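The data blocks that follow each hold one structure.
Note that subunit A is present in both complexes that follow, paired respectively with subunit B and with subunit C.
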Partner chain A sequence: MSMVPAVLATACGLGGAGAVAGFVLPYRLRVPVAGVLTAGVGVSGGAAGVAALVGSRWSAALPGVLPLAGVHVAVDALAGLFMAVAGAVVTAVAVYGIGYAAGHGAHGLGSRTAQTALPLFALTLVLVPVAASVSSFLVLWELMALGSLLLVLTEHRERSSVRQAGVWYAVMTHLGLVLLLAGFALFAAQAGGETFSALRAGAHVLSPAVRGLVFVLVALAFTSKAGAVPLHAWLPRAHPEAPSPVSALMSAAMVNLGVYGLVRTGLDLLGGGPAWWWLGLLAVGGASAVYGILQAAMASDLKRLLAYSTSENMSLVLIGVGASGVFTSYGDRPLAALALAAALLHVVNHSAFKALLFCAAGSVLRSTGLRDLDLLGGLRSRMPLTAGLFALGALGAVALPPGNGFISEWLLLQSLIHGLQVPGVAVAVVLPLSVALVALSAGIAAAVFVKALGVGFFARPRDKRAASANEAPPLMLAGMALLAIGIVALALVPGLLGDGLDRAVGAVGLPGTGAVSGGGVRVRLADISASLSPLWVVAALTAAILLATGLARLFARRRRRANARLWDCGGGAPTPRMAYTATSFAEPLQRVFDDVLAPEQDVNVTPVRESAYLVERIRFQHRVPDRIEHRLYDPVLRVLAGAGQAARRLAGGSVHLYLGYGFAGLVVLLLVLAVGW
Partner chain B sequence: MSGGLYTQLLDLACGAFLLAAVIVLWRRELAAIVRVFALQGVALAAIAMLLGLHEERWDLIAVGLGVGVLRAGVLPYLMRRALAALAADRGSEEVRETQPLVNVAASLLTAALLTLLAYAVAQPLTALDPTPATRALPVGLAVVLIGFFVLVTRRRALAQVVGFLLLDNGITATAFLATSGVPLIVELGVSFDVLLAVLVLQILTTRMREAFGTTDIDDLRELHD
Partner chain C sequence: MSAVGYAAVAGQVVVVGAGAPLLTGWMRQVRARLEGRAGAGVLQPWRDARKLLHKEPITPAGTGPAFRAAPALLVATTVVAAALVPLLSTDTPVSSHADLIVVVALIALGTFALALAGLDTGTAFGGMGASREMTVAALVEPTILLSVFALSIPTGTTNIPAIVSGAAHEPGRLASPAGLLATAALAVAVLAETGRIPVDNPSTHLELTMIHEAMVLEYAGPDLALVELGAQMRLTLLLGLLSSLFVPWGIATGGSWAPLPVALVLFGAKVAVLGAVLAAAEVFWAKVRLFRVPELLAGSFLLALLAVAASYFLNGAS
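So, the complex of A and B:
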């Protein structure tokens, strides 16, 4: 008897109770009770996921729950992996969220709406991977989108940009839903059934063209959810404007489900496909990895930076999934399994460090009211714990040892590099390019997080709000500590995940690789002679750092140290305005990638009235707009607005005209019927 | 009643029903239009009662009687009252449909085309069960279309009311012919609905005349956003 159904039922009960509690309880009780219940949802959902990873499977049909189609649920290791990740993130963020919302007023995240939506959103995050029919999946998917939309809009009274972000998010997510509906409806109609098992069984009946169309429609929707270009525009708007716990949930749990959907549909239900699907996915992933991290490098808004970094990391995952698909279509299944394992491991790693980073950014925002890195600074002394946790998260994000992100990116690169043994011109061109793009994005990511950490937390505060920051309350620190434990575990002993990862990869029909097995200490690749021992790497690094600092101290002792004022060239003491800002730090990168980023600069010189040579005022404006948004979205929006304006002319005001539309519609319909019969 | 006589009478009633709708398009005097509408009500009642007699269903005859009272008696009476009020107030200008959006000759041609369309569309329905009643089914559809056409092209509010009622007569006739009688309760509900709609429209017409001095509904153009 599997424990999965009982645990899932518990999660549903807790989520429902949390929503009711958030709705009926007064403000003082609302936040802790709903928060604890949300954490319960996370724990039970995560437990179900872990149970599935350990090897239990469960499926059931609940015909009475939804009209007509009923609900079909199934849990396998792939679903379990995403449930476990979502559950862990939800648990930690719920603890953090209690601290975040408590004592902050009954508006914003503490409001009735937000506290009602939060448990439900958490529940859908855990439940989406459980769905095993198209209708159940889409219902849960839409509930998740609506829940997150409500939560994004939480602070709409404070800032008008929240409303704008909400509109963008609502439109994009529903565009995705429409694509999903179209794709799945086509798939289900051709395969002769809408449960996943029927789709899996009927996938080979589809003609190649229909399969391709289904994949393109569904992949567009899922990559949009994962934040890949060109349908990424919602992500850098919605994530920064949401309250930070919500940003963490969206960035660390919700976007993952885009990857889940893609793996589930592309590799499992459609059973792989021709190479062009996956080469296309590789191209999208590669382009948006570099684009996302470049935009992150240019961003001076801390949460916007993190949002773009999410886009980049999800794109790396997409590269892994795409490579896995390419290898499958060429029949190299062990390599495909390795690439998919790398992608899934990166999902786990990214969730851990990105949740922590968003939570730490939320602590900064809550304490100072600032998101702009150009105004922050000097937080290390005011908020030492938050700074340390942010540094830990940043270490994971830069893909350098000993961070946890390093291991999955190393695996990803290994799979790409060894993919060269696969024959084919396209592969020979695309894979080295992907390696280069992954390496480039990893390099820029290092610059991005050096900027975020160095400019935001070190140096001197550039604003008095940053100067008077206070450390976050204990519950927030506790939530972040949970995530930090996860990061350290993932960085030191990723092998603990090994068997579960193998089963998740096996769930889509690929052989397990044992990629990260080896007693939890070593990462060894089964068919490739490469291995990595994270623990030894950490030990060696620690020893090297100790040695370096120790030697420095040893030699420094010989000379006497004298404390003196910093030499200032006679220009007076340095002020905080002289320090590196986020913008100035990013300037060299911006010069290098000038053609890609196309920054806009404006210099307005106002001369004194009497003389053209004496300047009264110079105004300098500098923006790095999202170029894809400019080129791709603005024309579409303009055409839509134009069509809307033109359509106003249809409504002339004459009642006869309106009646005439109805009459003409009826007659045309009848004519079509009469002729078509 | 013998089958032949029944068919003859049913066809006669349906012909009168369709002819009345066409005459509504032809006449300009609102008073005449209302008279013709009352005649159509009689024809509709006759259709219902013929069906009832043929199938020996007394409830259908009762429904036919009710329909007759409502559509040949009450509704024309209400409209005539509104018309009298208009005539007393503003003279002959308001009681004629002086300038329909489509002139009379073109209207009659269109009615012919719409009838053809109705016959073409109803062909598969008739083929399902070719009894005399279903063979007359296109007449109901044609009246629906003609009623809609009256709504679209006539300017006076009262002519609009007649158009709306033609539409409803057509729907009722189609229902009778296609299903050999709708249940009493449904017909009661529909009739009550129509009665209320006419009452409301009558009040609206009066208010319009008071507010704008005319019942030409194109003068409501100002109201759009």
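So, the complex of A and C:
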């Protein structure tokens, strides 16, 4: 008997109890009680996920829960992977969130609304992968969107930008819902059933055109949730404006579900498809990875930077999923399994480091009230633990060896490089370009996190608030420490995931590759020879560091370190204002990618009245707008606003007119019924 | 096998570590002679290192652990890479770990650490150097990985010893269009990674044009010695990697002792020739403007892309 239903029921109970507690309890008790119950949701949801990864499967139909359709649930290893990730993130972030909201006043994250929504949002994050019918999936999906929307709006009293972000998020997530609804309705109508098993069985009945339409509709919605261009505009608005624990949940658990939906629908329910679907996904992923990380490079708002980096990492995952689909459509199933394993591993790794990064950014924000990197700096001496944890997360994010992100990007590159065995000119053109785009985004990601860490945490404070920062309270540190343990484990022994990852890949019908296995420390590819053992790399690096420092000390004459002023090429003791800021750090990259980014620069020189040569004031403005948003959304919004204005003329205010509309409507309806039916 | 293998690994590390200052001295000497100067002699970098090691270690005010740790990390990444790359032998105990992507990433890790150290000082020059170095590093990455892609196609692996021994046994591969294009692309990438002319001028004294040197301006004494050694080792290693990939002859492929000394001598000769060529070229080249560097790198990226395309259409499609 599987333990999954019992654990899931526990999660639901804890989530409900947490919501009630958040609503009923007074402020003092609300945050700890709801926080602990949310952590319980995370633990039990994660446990259910792990149980599914270990191999237990469970499915059930609960007819009474929803009217008409009932609720269908099923847990397989693919769902289990996403549940386990969401559960782990929820647990750590809930612990962090107790510290974050405590002592912060009854507004913001400590408010009744937020504390009621948080456990429910956490619960939906765990439950979305469990849904096994279109209606249950869409209900949970919408609950998740609403929960996160409420939480994004938490600080709406403090900043007007929060309200704006909320509107963007609400509109875009519901556009996504409409697309999903249309896609799934079409699919279910043609396949003759709305449970996932009926869809799976009926997928082959669909004509290729309908299948393609379903895929495009659904993929648009899911890639929007995952933050890929062009429907990414909500992400860099909503994630930074949400309270940091919520940002962490959204960036590390919610966006994953976009990938889950895509894998579930595209590879599992629709059973793969023609190559053009997946080549399209590869193109979207590639463009979005580079675009996202470039915007991150330009951002000087720490949380906006992290949000764009989420967009980039999810795009890398989409590249993996796309490659997997391409290989499936050409019939190379082991390679497809490898690419999918790389994508799923990157989901896990990204969740670990991005949750930590958002939490660390939240600590900085809570302590200093600053998100602007240009004003931060010098935090490593005031907040050493937070700085260290951020550095650990950044190491994961830059995809360099001891970090966990490197392992999944390495696997992704391996699957792309060896994809050239697959015949077809399209593949031969797309794969090298994908490799180049992955490499370029990895290179820029290194620059991005050098900027975030070096400008934000190192050097000296550029603002009073940064200079008087204090270390985060113990509970916040504890939550971050949980995530840090996860990162270290993933970086050193990714093999722990091995069998679970294979089962998750196997859940969509691809053969297990054993890519991450073998004594638990090795990443090995079965059909292609290449191996990477992270533990070995770390051991070798440690030994080499000891060797280098040892030899340097051996040959050095004087051991004692002396303190001295900064030399600065004889300039001596520079002030913090002279240090490089995030904006200046990004300037060369901005120049290089001038044509892509199209920065706007405005210099106003006001001369004194007596002479045009004497300057009284210079005003310099610089902005790097999101160009896709600029070019794509603005015209649409303008047309919509114009249509709205035009529609006002229909409402002239005369009752006769309105009665006339009603009459005309009735006549048209009757005519349609008479003629059409 | 294992004793020979361990000896080969140790030899690689020692040769790169001890030979790197000599290579730099040799290149400076070649350059000096070509410019009509007497030169300071091949051993000068060693003397410099000794001088720096005898100085007092300095901690500039306001710097933190990142600044302190970066020099050792820079040297350590290069040492690990030197142990992995088959400079003397392809049959070593670590050859199964010698993945080309890992080596590239290790070198990038050194750059990452040094850029953080540059920002850690909080000076304008440190930030300037870090910003420029990361920009160049980001743009080099696609070229390098595409070259890796092109190189891995014939052998079906990114394992360097396998690529090198494959090429040694089948020299025709090297003269193929793909091989030549990948060589050219990788050579430009190596110039950029090691901060040589035309990307960066290692002997510049003008702060405003510096890239690599600007990051390390605040280092003094033993720390500076480590930074310089790290940079020199990185040059040696990358030239060695180029020679291993494209002129693989002489590298020991078996488990016997005899080929090792030959490999050592040949490695020295190959790297010395490459260094001399580079030094001679630097006499005639000028450093390009920073914002022209992307054009150079875009060119090399194109070469790498052509290499992949060539190897696909000329070999793979048949």
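The criterion applied here is as follows: the second predicted complex is superposed on the first by the 651 of 677 C-alpha atoms of A that agree within 3 Å, B and C clash if a C-alpha of one lies under 4 Å from a C-alpha of the other, contacts with A are read in each partner's own complex, and residues count from 1 in each chain.
Keep in mind that, in the parts below, a contact is a pair of C-beta atoms (placed from the backbone, for glycine too) under 8 Å apart; a residue touches a chain by one contact, two chains touch by 3 or more.
In this text, all values refer to a predicted model and were calculated from it rather than measured experimentally.
Contacts of A:V667 after superposition: subunit B is touched, whereas subunit C is not reached. When the two structures are aligned on the shared chain, A:L413 is found in touch with subunit C, with no touch to subunit B. Counting the residues of subunit A that each partner touches, subunit B and subunit C differ, and the larger count belongs to C. In the superposition on chain A, A:D634 contacts neither subunit B nor subunit C. By the touch criterion defined above, A:E158 lies against neither subunit B nor subunit C after alignment on the C-alpha atoms of chain A. Touch criterion not met for A:E616: it reaches neither subunit B nor subunit C.
No residue of subunit A lies in contact with both subunit B in one complex and subunit C in the other. Of all residues in subunit C, only 50, 53-66, 71-73, 75-77, 79-80, 83, 94, 96-97, 99, 101-102, 105-106, 108-109, 111-112, 115-116, 118-128, 130-132, 134-135, 137-142, 144-146, 148-149, 152-153, 156-159, 162, 207, 217-218, 220-222, 225-226, 290-291, 294, 301, 305, 308-309, 312-313, 316-317 touch subunit A in the complex they form.
Interface residues of subunit A, counted against subunit B in their complex, comprise 651-656, 659-660, 662-663, 666-667, 670-671, 673-674, 677. On the subunit A side of its complex with subunit C, the touching residues are 377-378, 380-381, 398-402, 406, 410, 413-414, 417-418, 420-421, 428, 432-433, 435-440, 442-444, 446-447, 450-451, 453-455, 458-460, 528-533, 536-537, 540-541, 544-545, 547-549, 552-553, 555-569, 571, 573-574, 576, 578-580, 584-589, 591-592. Contact residues on subunit B toward subunit A in their complex (touch as defined above): 101, 114, 117-118, 120-121, 123-124, 145, 148-149, 151-153, 155, 217-218, 220-225.
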